[in-house]
Structures are given as C-alpha cells and as structure tokens.
Amino acid sequence: MRSLRVNKAVTLHLGAIGVLFALQFVLPDYHHVNLARVMVLAGFAMAYNISFGYTGLLSLGHAMFFAAGLYAAGLMARFAGVGAEGGLILGVIAGLAMAVAVGLLALRTTGVSFMIVTLMFAQAAFLTIFYFGEYTRGDEGFIIPSGLRTLFGFSLVEPATRYLVALSLFALCVAVSHGIARSSVGRVLAAIRENEERTRMLGYNVFLYKLAALAISGAMSGAAGAAYGFLFGYVGATFASIQYSIFPLLWVLMGGAATVLGPFAGTLLMFYLVDISSAYTSANMLIVGLALIGLILFFPKGILGTIRERAAPWLP
Amino acid sequence: MAAVTLLSTLNLSKRFGGLQAVDGVDFTFLEGEIRALIGPNGAGKTTFVNLLSGRIPPTEGRIVFAGEDVTRLPAHARVNRGIAYTFQITSIFAAMSALENVKLSAQRRLSKGVFGPDPELLERVAMSALERVGLADRHGEIAGNLSYGHQRLLEVALGLGLEPKLLILDEPTQGLTDQEIGVFVDLVREIARQASVLLIEHNMDVVMGLADSITVLDRGRILAQGAPDEIRRDEAVRRAYLGA
Amino acid sequence: MDFGPYLLLATLEGAVGAAVLALTALGLALVFGVMRIVNVAHGAFFMLGAIIAWWVADRLGVGSALNFLAALIIAPLAVGAVAVVAERSVLRRLNYNPESTIVATIGLLYVIEQVALMTYGPDARPVVAPWDFRIQLPWFGYSGYKILVIGASIAILLAVWWGLTRTRIGLMMRATQFDSETARAFAIPVDLVYGGVFAFGAMLAAVGAVLVVPIQQAHYLMGTDPLLLSFIVVIVGGLGSLRGTVLAAVIIGLSDGIISVFFTPTLAKIIATLAVATILIVRPRGLFGTRPT
C-alpha cells in the first residue's frame, strides 16, 4: 500500500514532466515562450511552497531571494562577463546566503511579526537596488547581452534550448519538493507547521529545521531568479518589489499549499488569467486582488489541496 | 539495587515579575521511582516541571540530570538527554494519523545521519508504542478525530516513542472517566518498569495508588516529602492542602 | 538661506508630515489593538480618501473653502462605508484569523487600487487649499494651510482621546481590546465593536488623506508610503499602544521630514526599514509597548 502510494506519486510527476516535454513540439510560439516563463516562475513558487506550504512560514519577502539570484547573475554577467553556467551557480549561492542571513534574524519572530519583518527586509533590499542605481539602473533595469546567454555552448536566446532549460529547472524543483515531502525531514517540517511547541518537546531543534527550510527555499528562489535573467535577458527592480513577494504566495495558495504540483498549477492559471485580462484592461492586478480574497475565503486549500481532500488522498 | 540519583535541583527558583513561583527548591529524584508532585493550585507545580523540561529558564539555581548540568540546555536538547514532557492540555498533531504522530517522536532517536531511519524499523517501533497504550488498532485514524481519552493516551505514546529516562506527566488523568483512569494507572505502572515517572496529579486515589513517594509543593517551596503514608499523616500537609 | 532658518523650515515640513502620519497610524493602531489584525489595505483607504476628496471638490465647485469642507465630511464617511462592507463580507468570515486577514487585506489593497485606476485614472490631481493665506516669517513665507493641518490634526487626536477615555463607546472598545471573551460575557456587542473599529480606523486614514491633498496631489498609488510609515510608527510605538503610536508618529514624522531635507531619501529609508525590522526582532512589543498579557 505504501509503496504503491509512492509509485503513484512518482508516476504523476514524471507524467507531468513528460507532458510538458511533449508540449514544446505542438505549442504555437506565443504560448511556447509563456510556458517557459511559467515553468521558471513555478520554480520560484515551489521554493515558496517549501517554506510556506510545508513548514508554515508565511514570508512576505521572498522577492528578495528571487532578486538576489537575478541580480547576482545579472550583475556578474554585465560587469564580469560571466555566462549562464557561473550565473546559475552564483544565483543559488546568493539566494541561499540571503535566506540564511535573513533567517538567522527573522526566525526569532513568529506569525504576524515574521510576516512584517520579512516584508521590511525585502523592502530594504528593494531600496538597495535603487541606492546602487549606478550599477543596477534601478527601475529601468538592464539587458544581459545575448552573447553571454549561453549554457555549455547552447544559446539560450534560441526558444528550444530556453524551453528545455526551463523544463530542467522545473523538473529539478519537482524532485526536490517531492524528496522533501516524502522524507523524514518533511515530516518534521509538517509537524512544526502544525504544532511548533510540541515538535520542540519531541527533541527537535525547531529553529534549525526552520532555518534549513528557509535556506532551501532561498536557494531555489535564487536559482529561479538567475534562470529568469539568463533565459529572458532582462534584470529590473520590479522583480524585487513587494508584488513579487505576493505573487508566489498567491500562486501557492491558488494551486494548493504543501502539494508538489500545486505551485505550478497556480502559476499557470494566474499567468493566463492576468494575460487574458490585460487584453481588456490595464488594471489587471484587479484579478490578483479578487483571486486572493476569493481563495482565502472559499478555497484556502487551493486546487490540488481541494482535490486531495475530496478525491485523491494519495496526492503528494 | 543501590539508589542512583537521576535528577536533582539546587536552589531552583523562578520569579515572574513580583511573583515568586518557585522558591529555592532542592529536589532529588531517584532512578526507577514513580514520584507524585502535589500541592494546592498555584503552588508552582507546572512552573517547576517547566523548569525541569527547559520550557522556561530559571531565575536562579541549577538542574543536574544523569550527572550532567542541564541548567542552560535548551528544551529540545534536554529531550534528547532523556527528559520527556507530556502536556497538561493535550498537544498532539491533530491533522496527522496516530501512527504518524508516534513516528515523529521515535524517528529522531532512530535516525542515522540526515537520511532518517529505516522506514520498516520506524513503523515497528511506532506501532509498539501504540500497542503499549492500547491504540494499535486505531493507528490509521486522524489524531484530531480520536476521543478525548484516546488523545490523552496518544500523548503518552508520544512520550514513550522517545524512550525517555524520565517521563514527566502533567495532570494526565484530568478529564478522564473512572474506567479510563483505571487503564491509565495500569499503563503508568507498566511504563515505570523502564522509565522513571514524575507525575503531577490532583486525583488523590491515583497518587496514593501509584506513587512510591510524594513531594508536596506549597507557594513555590517543598512543604513535605516522603512515602504516601507519611504524607497522609503529615500535619503541615493537611493544613495547607488536604484541609483546604 | 542660513542653517538656522533652513532647519526651521525642515522642522515645519516634518511637523506637517507628523500631523498626517499620526492620524493615519492611529487608525492602523486602533484596528491592530482592538481586533488583533494587521490591515494591509490601510494605505488604500488613505488613497481612497484623497481621491474621493478630489472628486467631491471637482463636482461641487462652490468655492475652495466649501469644497474642502464638504470633502472633509463626505470622503471619510464614504471610506468608512467601504471599510464596513469589507469587514462584514470578508474579515468577519475569516474569523479575524491574523494570517488569513493579512492575505485578504492584500487582496483588498489591489482591488481598491485597481478600481481607482479604472475610474480615476493614472493622473495625479490636486485639491485647492481652502485658503491661500501665507504666514510671513523673517526668512521665508510659509503656507498658512500647512499650519492649519497641524492644528486640525491635534484637535482630532484630542477628540479621539476624549472619545476613547470618556465615552461609553470608548469604554466598550477598550474592554474588547483588553479581553474580547470577557467583554462578550459582559454583553458588549463585540461583533459590532469590530465593525465600528475597522470603519473608524479607515476613516482616520481618510481624514489624514483629505488634509494632505491640498499639499500633495491625489494619485492611485499614493497609499504605499503612508502604509509603510504607519507600520513603522505602530511597531515602534508598541503594537496597539495608542499613546506610544502618537508619540512615535511625531518622532518619526519629524525626523523623516528633517532627514529628507538633508540626506538622500533612499539611504534614509533603507536605514529606517532595517531599524524597524531590528526593533521587531529584539523588542517584539515595540519601544514603548506596555501591552498587558
């Protein structure tokens, strides 16, 4: 029964990755690019899910981890001519380091204080980008020269390579999420989410587990940020704004917190909701606002969370 | 068997603002005993065991457990040394199954490195803890759906999963029916064959039936200490507690 | 200009900022104190107040003083009505769960902002000050209206303080803040108090906004800075402590005004933001916090 359950989950995830692989051959150009973008952003959402979904850490500052990766990669490309191989590694390191530094301080608080402290740190990071506007060019941002956008000799400007790299990142994030959800560490994280004091009194160093969850989440966010920069060529302060801290929360809530594929489902759905609505109005963030209110009121478990509850308890 | 000291406190004190909740307690606890901690409401019993388990830091004094000074150790490290605490207000993982609950308490001890324990071994150990409290046939039920009495038993199973040297039970029979209390008393006796038990309890029948010795706290100080019969006869205890 | 007069000018500007900030932050602090929730849409209520004020003045057109007076009455009432609807239809259903409310009020913030964008548009528009009297100092002339703002803010703060300490409604609010369960047992309509407090908090933000539109134009994104500053004030002032909030508003408003005259605003903001985060980590109850329990 247990192994059957695990196999079902593995099959589902491999199947999802397989379908995404096949889609690149049939999708028209416009949606081909969109899906690549969604996969990278879904990596960011899955990162957020590690800390929020599995561990219960509601951060309002994850944009700073994404931006850490984006800017570490982007600035090194711009000023040191680093390519995608180095850029991705730097992105992971930057996201990880930022998450550990922020976590060491912010994890001394819980609940609402944690939300506000992460928000404040992210705001400080956002303003720092403007303070060093000479290098970052602030709001306007900068382009990563296409000559540098290569990975092991393949050009990332090429749609097919770009799609495959996005898919690989996505698959890696699925593997990490799946691994954590199924591991004994994942069980402790879930226990912390549910009853922190009890978990401590079972002998677990709760602070360390939370820090580890935030560090993994930060590293994944940094990877997504660096990949975003190299795949789409643009680095700008918008990605560090409060909006980009709210987005992953929204995506995860919509798809289902603490589910492996929920963040992807949420990202895909919101991306197309906003995309379609912007054909009709410039106020497309209205959809985001209404979605947030509607979800928290009526579907606090999100799409996959609701399916898991009603129909498929084995869903990872 | 020579009596070995498992835990002792020296001048242990805790002050909350103007309230001296625990006041210079020197306490010695022997390996293998069942000790009851009694006293009127507000005597400082829960504060005292919270100091032992490390949930709150003392204002003054020292705690020595199994020959090691644990005064400055955080709560989770003391659990790892063998001090297990079961909560007065039932505190379990309500959304998880009973088995998952106990797996959580057992897996840290069974883990080797970062990869966690062997799943089959973990399952076996967790099931045996559930068997000992009589919840084996309910292992798949969501903990939050269990009856109150069963949740109290699961709470004890969480303690057993830790295989502690010292199990602190904070008012374990509160809210249980007479029949459930009977089951509980038998269970504690059974546990005491492998672990020492420190029991905060209001039910005098349970205390007199279970305890090898009794410590009476009153206004943060030890008022009396001794075998159940001595305590029953002690004048000061009568005045402060039984007569109240 | 010499340093002395320059400092005086900076202080005056800071005092005006502090006056508006005190009103806005007091609204946020009341909501947090009584309901134990963080209202992220507070800045949106501020913005809504400013935009409605512009709209009233624009439609009425009966002279700047009367226009402004009408706006000062209508805008807070309209914002209060919006807040009541939001509280009844969303927050109450969430049972005021702290974390869910934050998510929901973020949603509310986007909805209000985007509806403002769709109806009012992306432009910034001013409301004419009720009178254009200038106070002539030896070194520079200073807008009489700005002095009026400071006076009005002090008057409103005193009125709120009187209402909270001397009236039955104020007593009910304080009882609910202290312990909502016990308040309920004493037949205080806690549910109504929550609705009222949420609306009143929003109205205070709206009043602050109406006072500010003659100085700073109405724009659909103008709520962000007041929100962040109010957050800072409420945290530094000790979450929920009203006296601490007003004191912190004065200190922070003044120093913000003075700092932004002398230093680059970005660095000042970075330092202020990090300082506030540190305060929350080291002293979770704020600098002046003396909250019971």
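Residue numbering begins at 1 within each chain, and the chains themselves are lettered A, B and C in the order written.
Assume a contact is a pair of C-beta atoms (placed from the backbone, for glycine too) under 8 Å apart; a residue touches a chain by one contact, two chains touch by 3 or more.
Quick caveat: nothing in here was measured; it's all calculated off a predicted structure.
J.: Where the centre means the average of the CA atoms, what chain is farthest from chain C?
T.: That would be chain B.
J.: Any idea which chain sits dead centre by C-alpha averages?
T.: Looking at where each chain's C-alpha mean falls, the closest to the middle is A.
J.: Tell me which of A-B and A-C has more C-beta pairs in contact.
T.: A-C
J.: How big is the gap, in whole Å, between where the Cα atoms of chain B centre and where those of chain C centre?
T.: 51
J.: What is the distance in Å between the mean C-alpha positions of chain A and chain B?
T.: Result: the chain centres lie 43 Å from each other.
J.: Let me have the rounded angstrom distance from the C-alpha centre of chain A over to the C-alpha centre of chain C, please.
T.: 34
J.: Taking the complex as given, what residues does chain C use to touch chain A?
T.: 38, 90, 93-94, 98-100, 102-104, 106-115, 117-118, 228, 231, 235, 264, 266-267, 269-270, 273-274, 276-278, 280-281, 284
J.: Residues of chain A touching chain C in their complex?
T.: 58, 60, 105-106, 108-109, 111-113, 115-117, 120-121, 123-124, 127-128, 130-131, 246, 249, 253, 281-286, 288-293, 296-297, 300
J.: Okay, in this complex, where on chain A does chain B touch?
T.: 2, 183-185, 187-188, 190-191, 194-195, 197-206
J.: Residues of chain B touching chain A in their complex?
T.: Against chain A, the touching part of chain B is residues 53, 55, 74-77, 79-80, 84-85, 87, 91-96, 100, 103-105, 107-109, 111, 114-117, 119, 122, 158, 161-162.
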